[in-house]
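What follows is a pair of complexes built around chain A, which joins chain B in one and chain C in the other.
And now, the complex of A and B:
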């Protein structure tokens, strides 16, 4: 694989994902999947064709018993700037 | 610096800024600075019923650090140009 030889530092992994679909995990139980077009050292990102998934965990009112119900909200956006301070991880497309 | 330049090219375009407190504001991007502070004119708050105190506000300055997302007009973003500029900037960073 020539990709491993091209990887010198962590950001190289993101650079090699440019123009590919990436998975982004954000603070506040949010996840994004979109095509990566730009990033910078703060991990500010510009993505297109984005699908956002928000996990809303409702703790059942009888605390301690029963499973908390997890609701998922999804929405789509065409072109999105993501501020870097909310980013937890960026993962290249699964191959 | 790269993202700052992108926002500068988008001045006078309609954008939607989503803040970390879940408030979404649509407006015309009037100016931006190096901290990605944003000035919006002609603003409209999504879900006005939940934020009645914003009804009278016509323009605003948003501190960059409270922004979560900015939805951009896709037709005014040249994705190929962005990718090339990103590669150039990351190459310049590694050299230092």
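And now, the complex of A and C:
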């Protein structure tokens, strides 16, 4: 199905994702996956059944030198309000 | 060995003609022209998103299709569609002729 024809402004992409599981990239190396219940013009979001993934990068001393070790922490939340200014990217489920 | 070729004409003082491939007009004209084309969106964090620009709004919120996320030149993620919040955008670069 061709969704591109239904999209006139970027927020249409979010509107079409209501009640769907979305991927959200946040500032501070955090990612969320949850069901989108509501949003507003700030990109404040209400998500349910959320899994948060936090990337903890331990930069080995000397920037660029050596492989930084990346640790991943996950946690789950039933219901979450996301303040819009932390949002970098929202991706709807691929159709 | 090119002694037979004539010397180049004297330098003109008038500015060189603008190549026709260089787009002219306002930033808004550029953005209008680039909708539907392949673009590179760089965020202030240095992450690049390459994809087809579906649309954008006055906040520079962006909807991209067939998006690839590049970090340090390496593809780190792919999204069918992606909404990018405008405050994170550093620049939008046309990746094909507009």
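Quick note on the criterion: the second predicted complex is superposed on the first by the 89 of 95 C-alpha atoms of A that agree within 3 Å, B and C clash if a C-alpha of one lies under 4 Å from a C-alpha of the other, contacts with A are read in each partner's own complex, and residues count from 1 in each chain.
Keep in mind that, in the parts below, a residue touches a chain if its C-beta (ideal position, glycine included) is under 8 Å from a C-beta of that chain, and two chains touch if they have at least 3 such contacts.
What you see is a predicted model, and the numbers here were worked out from it, not measured in a lab.
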Superposed on chain A, are chain B and chain C clashing or fitting side by side? fit
Go through the superposed model and pick first if A:79 touches only chain B, second if only chain C, both, or neither. first
State whether A:56 touches chain B only (first), chain C only (second), both chains, or neither. neither
Classify the contacts of A:18 with the two partner chains as first (chain B alone), second (chain C alone), both, or neither. first
Determine, under the contact definition given at the top, whether A:70 touches first (chain B), second (chain C), both, or neither. neither
Please compute the chain B to chain A to chain C angle from C-alpha centroids in the superposed arrangement, rounded to the nearest 10 degrees. 130
A:7 in the overlay: touching chain B, chain C, both, or neither? Say first, second, both or neither. second
Determine, under the contact definition given at the top, whether A:90 touches first (chain B), second (chain C), both, or neither. second
In the overlaid three-chain picture, which partner chain does A:38 touch, first (chain B) or second (chain C), both, or neither? first
In the superposed model, how near does chain B get to chain C, counting Cα atoms only, in Å? 11
On chain A, the footprints of chain B and chain C overlap at residues 8-9, 11, 85
Chain C residues within the chain A interface of the complex: 43, 45, 49, 54-57, 61-63, 65, 67, 79-85, 87-88
For the complex, which residues does chain A have touching chain C? 3-4, 7-14, 23, 43, 84-85, 87-92, 94-95
Taking the touch rule as given, give the residues of chain B at its contact with chain A in the complex, in rising order. 1-3, 6-7, 20, 36, 64-65, 67-74, 77, 79, 82-83, 85-87, 89-90, 93-94
Within their complex, chain A touches chain B through residues 8-9, 11, 15, 18-19, 28, 35, 37-41, 44, 46, 48, 77-83, 85-86
